[in-house]
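Going in written order, the chains are labelled A, B, C, D and E, and every chain counts its residues from 1.
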Amino acid sequence: GEPKQGGILRMYHRDSPGNASIHEGATYSLNVPFMPVFNNLVIYKQDEAQNTMENIVPELAKSWAWVNDNKTLTFRLRQGVKWHDGKPLTSADVKCTFDMLMGKSQQKFRQNPRKSWYDQVNDISTNGDLEVSFNLKRPQPSLLALLASGYTPVYPCHVSPGDMRTHPIGTGPFKFVEFKANESIKLTRNTDYWRKGRPYLDGIEFTIIPNRSTAILAFVAGKFDMTFPTEVSIPLLKDVKSQAPNAICEVEPNNVATNIIVNSSAPPFDNIDIRKAMALSLDRKAFISIMFEGQGDVGGTMLPPPNGLWGMPKEMLETIPGYGPDINANREEAKKLMQKAGYGPDKHLAVKVSTRNIPVYRDPAVILIDQLKSIYIDGELDVVETANWFPKIARKDYMLGLNLTGNAVDDPDQSFYENYSCGSERNYTNYCNKEIEKLFDVQSQETDIAKRKKLVWDIDKKLQEDVARPIIFHARTGTCWQPYVKGVTVMTNSSYNGYRYEDLWMDK
Amino acid sequence: MADTSDLVLDVKNLKTVFFTNSGLFKAVDDVSFTVSRGETLAIVGESGCGKSVTALSLMRLVPDPPGRIVGGTVTLEDTDLLALSEAEMRKIRGDRISMIFQEPMTSLNPVMRIGDQIVEAVRLHRNLSSREAQNIAVEMLRLVRIPEPVRRAREYPHQLSGGMRQRAMIAMALACRPALLIADEPTTALDVTIQAQILALILDLQKELGTGLVLITHDLGVVAQTAQRVIVMYAGRKVEEASVEALFAAPKHPYTRGLMASIPAVPASGVAAPERLNEISGTVPSLVRLPKGCAFAPRCTLAIKRCEAEYPPLTDWGGGHLAACWRAAEVAEVA
Amino acid sequence: MTERLLEVTDLKKHYPVRAGVLRRQVGTVHSVDGVSFSLGAGETLGLVGESGCGKSTVARSVLRLIEPTSGQIRLDGEDITHLSKTALRRHRRSMQIVFQDPFASLNPRMIAGDIVGEPLAVHGLASGKALEARVAKLFEQVGLRPDQMRNFPHQFSGGQRQRICIARALALGPRLIVCDEPVSALDVSIQAQVINLLIDLQKQHGFSYLFIAHDLAVVAHISHRVAVMYLGRIVEIADKDELFRNPRHPYTQALLASVPIANPLAKKLAPLVDGDVPSPVNPPPGCAFHTRCRFAMERCRIERPVLMDAGDGHQVACLLNDGTGQSQ
Amino acid sequence: MAAIDFDVELRRAGAHATGGWRRVLFLAQRHVLGAAGLVIMIAFVLTAIFADFIARYDPLSVDSAHALLRPSLAHWMGTDSFGRDVFSRIIHGARISLAVGIGSTALGGSIGVIVGLTSGYLSGWVDLVFQRVSDILQALPLLVLALIMTAALGPSLPNVILAIAIPLIPTVSRVTRANTLALREQPFVEAAKSIGMSEVRIALCHVLPNTLAPLIVLATAQLGSTILTEASLSFLGLGIPEPYPSWGRMLSESSAEYVRTAPWLVIFPGIAISLAVFGANLFGDALRDILDPRQRG
Amino acid sequence: MFAYLVRRLFLMLVTLFGISVVIFFLLRIVPGNIVDILFAAAGYVDPADKANLEKELGIDQPLIVQYWHWISGFLRGDFGYSYVSEKPALQEILPRIPITARLAGLALLFSASIGIPLGVISAVKQGTRLDYALRVVSLSGLSLPSFWLGLLILTASVAMFGQIPIFNPNPATWLEAFATYAVPAAAVGFRSAALTMRITRSSMLEVLRQDYIRTARAKGASDAAVNYKHALKNAILPVITVIGIEAAFLIGGLIVTETVFNIPGVARFLVEAIRWRDYPIVQNLVMLIAVVVVSANFIVDMLYAVFDPRIRYTD
């Protein structure tokens, strides 16, 4: 039917985000409730499931253009856009936002997790109130993809970062009303939204319910119109379907890769043979079958096709050691490598597998330990509190770590630089391979998509072969909503970008 | 023995058993006695011989579980108490038959005022307004010679001395002028001078009200000074019964005899004290494991084969002097 | 009996009373308020008095189980009132105590043999086989079978338990045994056994007893001399026969008159005193007994009588008849 | 007045139950609930001790091919999402629960006893300080304290034990102190003093053994409550971590996901916890009745 | 009375001071602080940013200084700012207190109104089937993990009524408002009702053995009069104490129950705050809880004095 105006969308939230400032967070606990408050310059089309370059549409920018040998990206801003506090949006706001992200302004974010996205940006220049340009050091076509992410809203200049953490002001379809920590987040319709007739909803209310069973029960009982996106696990999904057969549920990859961080700077994993043996021992299908009852993807760093744009084709993947279909053969080979390194049936290698004290981290670690048993490695689980996890990893106080890496944008630039470049803060393993790093730059500048894909595949393959940070699987999770909620699109190659919710409406 | 028409209480073949962790035993075994109007019957015996249980059985207050009255009749002024329903019994308790307990310290409710406790006793059986009952309570306290009864009535038990508490207990027990009063070691916890006061008081009141009195004690001195008739109990059984004079003059049961000889006498009393006290060797048997025959046999210097095999029946040795001993006739000579 | 084994002079024990809501000291319990007596070797001094008059407090103070407030305790001429704990340990061997409740005086978790042997072990006087032999001997002395050494207290009867207590007291070979109502908790028929035992032991070993009881007959039976206490003080002290034949203090007289005599033909009970014992907290001024005394005079309310000799070592604290009390 | 068949009644009342087994059997009859509790406790302890022999599979061995199987002959209590045999995990979980129960009780109990004894004995400022400290520990809700402790120490088996043990200290020390104070007044302690025994020796030989009975009762009850505390900690994400098969975590995690789809994952750990706690409580109750001298007939 | 009160209040203050020290330093020995957590969410650690943030939050200062800041603020009623939400801690804590208080009050009410009568019945009928049944029920109440009980209630109510009794900030009907508090209160109260019942039972049994009960019976008083007028009046004293102590336990139960029923009260908030190392919230909240617990015990002592004429305050 025709979209209808009205209604408040009730959703539960999986946990209380630390603050309300998207730029200061690296979790979609923040994106989901606060993305509706903002606008980007450009954005992935909200009704398309897959994020691609072609799907990027203007938002605050009316149009954009690559100029200056693809080294300058210029945006023309929409006119008459107002911040929620009534001030007009100007190019200065855009400059402010990105200067702050690059760490170039007076005002500082407390934390700035995506600073590296703008490594290639020299500066931002404005031309009048409605034009703004990103001046790059070298061409980087994927910058646009990064700018289209839900992680890249434009902030107002006149609101301090501190205020943005507690009371965000945006230009988006919904205005921030209140955020009660551990209790609720409330948004209300921005009646002054620049896009006429939008949003349909009168408001959105998130009730924070950290307890999953309570949350699902509440959804089933009709207390909520929608679950928290991508928070419904496969077993719970079955439960929802049995209890609320009318509910609509979708299971999609969320572009979160479960991987092993290997401390190759200290024994025993400084030995490439042992690293390789470990890679060979993995039975990825088993992981997927246990964690997702079969609904997960095997792949390299990049999310595999068809949902992922940049993942290696299956045939290529299987040539990587450890990805071959014959697990037993792999493990035989692994045992040989272990024996070469001096271990065997009588002499097991004892290792600690560190991970965070959250089921999605812990469960695969348990499986990993079990699989390592087959190649003379006795793993011991070392569960670390969230507070101590990063300090511990930073100290290199671990042997193996089981880690989850979420990719906000399905683009190699985002994942390669962030996770594998020498010196990147999120390169936990300190993997550093100058040659590959050069290849990162090559692919980054490549404008021809097909060529770039080839390059990316090669890099990805090499990364896996080096056992820097072996990827175990790419997860899939579910999102459910009541049948009367219309216009929901669950994105299939990112779980960070699809929550503007201005097209959502309720058929009630 | 007093005239039967004057009987207040007639107990026949009373039997009370206990079921406990260490076994089942007969705490009161086939005990019979009578009490007449105005008469004092003393029950003596050592600790644990069943005196209190006998008393509680008369009141039908044996804690159940573990105890149970399993036989006999208790006739109070023509009513068989054991045949009554619990509700009917409640009407009689505290009205026609009442009891003073051993421990004045713990027998009063610590969180209720003395006066209120007496008032309760009165109002349970008399249809009186609370004011009238209050007056009676104060009157009773005055009767038991508590100074300043009006003030004391408003006090809590812990504010009273032991002697005063026992007086308050007596006031409460006599508030409805019962036909029978049972006093279970009313003075054991008190000092001699207070004991003398209390005993004198009880006897006075008994005379005044014509109440039948069952006085339980283990002190032969108290018996001698207060009772008209005496029952001696040993291990749950009545082993001897006689008038006070007869009993003290010539006890027929070796146990009674031993008991009398084993208590030292005050030099000034005129009773000559032996150099060495007479011992009853051995100890009081546990009720759970009683010997088959006479329970006293193991300690008895006169015991013969028969004593161990057969329990001696209670026999009248003349003048209503009952004793349960095969050799009662010889006791006087042998010992 | 010329040798004074124990000499107690002006013993006082006061407890603060933190009564009332204030928890402030509002008064003092004059538990023992100036008690003096002496005890010769091989002698038994009986101590009687109503409950709470301070008998046990005297007993405990003599043994220094509680610290007296003031006064002096001399054992064998040596002042032990202020000895340190270690110095006192030596003297513990000369004086022992037997308590009223034999069951509570025995550690329920120890076997009888260990209980009796403990004093020897503590003082390092014997160990191993020797200890066992000594204990067996002690058992025989008090009329217990040595094979009962393995039994726990609850497996004994009341009288036997008291025998164990006595055996423990005997273990160190004391010269003085303080008996704090040792037979009050026992059955009449058992009481005689214990009293006889105590007398026998005294004959054999020449102990001195400080014998406390509230039963006049028992005290009379066992003691050579008897002291009568009232409200923290000794009101009369004399040879047994003298005291019973010729009590001079009105309280002693009342006490004697109150004892029910096991003879229906003897005189009936005639309570000579009214009312209750006053509280030892802030006792009445003057003679503490004046509140209940038939002969109380104006003077008794003001003046506190002291123990005076009325002849033959018969001491009495009464203002009647020039301080010699009421003679019968 | 019902007639009584004495022989029958005597037998029923256990008059012959004098020694050894007879007495045990008799007590079992009198305290049916307690006996049931004891049986559960014994089963629980035996299970813990012989877990390796009873369990039919390795409780940690993951097998994706056999995940989420219903209970069957091969897997009596089914398998979990990792394909681990639930029965074997529950059997081994008994060991963990017992370790936590005994570990924390022993630790908290022994510290509590020492503190309580010292405090009861050395009245004065030591007592005052100890009293205040236990006031402090008691004013903090147990779970909050345990939460902070596990957060502080990190979730691991020893740390959970420690976290559960600490809140136990004030309880035990209070009981011990009260008993010590009461026992110090006992004639047998005075008797020990009168033979010249040193205070320390009196405390250890006479006072301590006599405070054990209430402590044993307390310890039994504690065994049950540790299991529950651990379960609550697990529920809050701070319980005993993988790979230990802790009942609390098994229950709290599967109840989030599998209540309806694989109920056996929830039912069996739930039963195990409740049964163990129930057994401990039943047994503790009966023990209290038996050890309480006032209730002895 | 006044001096006694002063003394008790002084002891309370000592205890509270001790608690403040314990909680403060306990939190400080916890490895990891708010900064680490914030950076964990961001997924990286930049030492310079970290130092900046520590400075901003004042956690780089010496502990003594931090303690002084906190405690002097607490006494002034200035609770500081939550590290996480950056709002005044008081403003975060205050609105949650009534929710938990209502819940706790209702739970205590539930516990007392169910536990005491059942305990009396069980004691009076000691040894009967009814007694056994009640004891078994109460014991099983104590044997269920509370979160499990809560989840069972939620699951059952969804399955049977299609409704879920979780917290509802603006209930439309009276029924909803009731369900909001009553169901979770019952879930917590069940446990403490079981406890109360057991205490009542054993206390009643103890009292029923007393001589004065026999005296009351000897007067001819009815069972009801004996049990309720004489026995319960005496037996209630230990029960009051236990209910007082339970106040502390209740907080533990509330943590779990508030989580299960998603109630935005202080108990769950405290757990979250501990997780976040949000010291201003944790410290102040724990202190508030301690104040409540300590005062509850104080009130119980006072009640004791009211109910028991024997009390003489001599301890």
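Miscellaneous remarks
Throughout what follows, contacts are C-beta pairs under 8 Å (C-beta built on N, C-alpha and C of every residue); 3 or more make two chains touch, one makes a residue touch a chain.
Model, not experiment: these values are computed from the prediction.
Path length between chain A and chain C in the touching-chain graph (shortest route): 2. Separation of chain B from chain E in touch steps, taking the shortest path, is 1. Averaged C-alpha coordinates put the centre of chain D at 23 Å from the centre of chain E. The centroid of the Cα atoms in chain C and the matching centroid in chain D are 48 Å apart.
For the pair chain B and chain C, the distance between mean C-alpha positions equals 31 Å. Within chain E, residues 30-31, 151, 155, 259, 275 each touch two or more of the remaining chains.
Across the assembly, chain C contributes no residue in contact with two or more other chains. Touching two or more other chains at once are residues 151, 154, 255, 259-260 of chain D. Taken in their complex, chain D has these residues touching chain C: 186-188, 190-197, 201, 206, 209-210. Those residues of chain B whose C-beta lies close enough to touch chain C in the complex are 46-47, 161-164, 191-197, 199-200, 218-226, 244-245, 248, 258-260, 262-271, 273, 276-281, 283-284. Contacts from chain E toward chain B in the complex involve residues 127, 210-212, 214-222, 225, 230, 233-234, 307-310.
By the touch criterion stated above, chain E contacts chain D in their complex at residues 11, 14-16, 18-19, 22-23, 26-27, 29-31, 132, 135-136, 139-140, 142-148, 151, 155, 206, 209, 245, 248-253, 255-256, 259, 270-271, 274-275, 282, 286, 289-290, 293-294, 297. The touching residues of chain D, counted against chain E in their complex, run 32-33, 132-133, 135-136, 138-144, 147-149, 151-152, 154, 224, 228, 231-232, 235-236, 248, 251-252, 255, 259-260, 270, 273-275, 277-278, 281-282, 285, 294.
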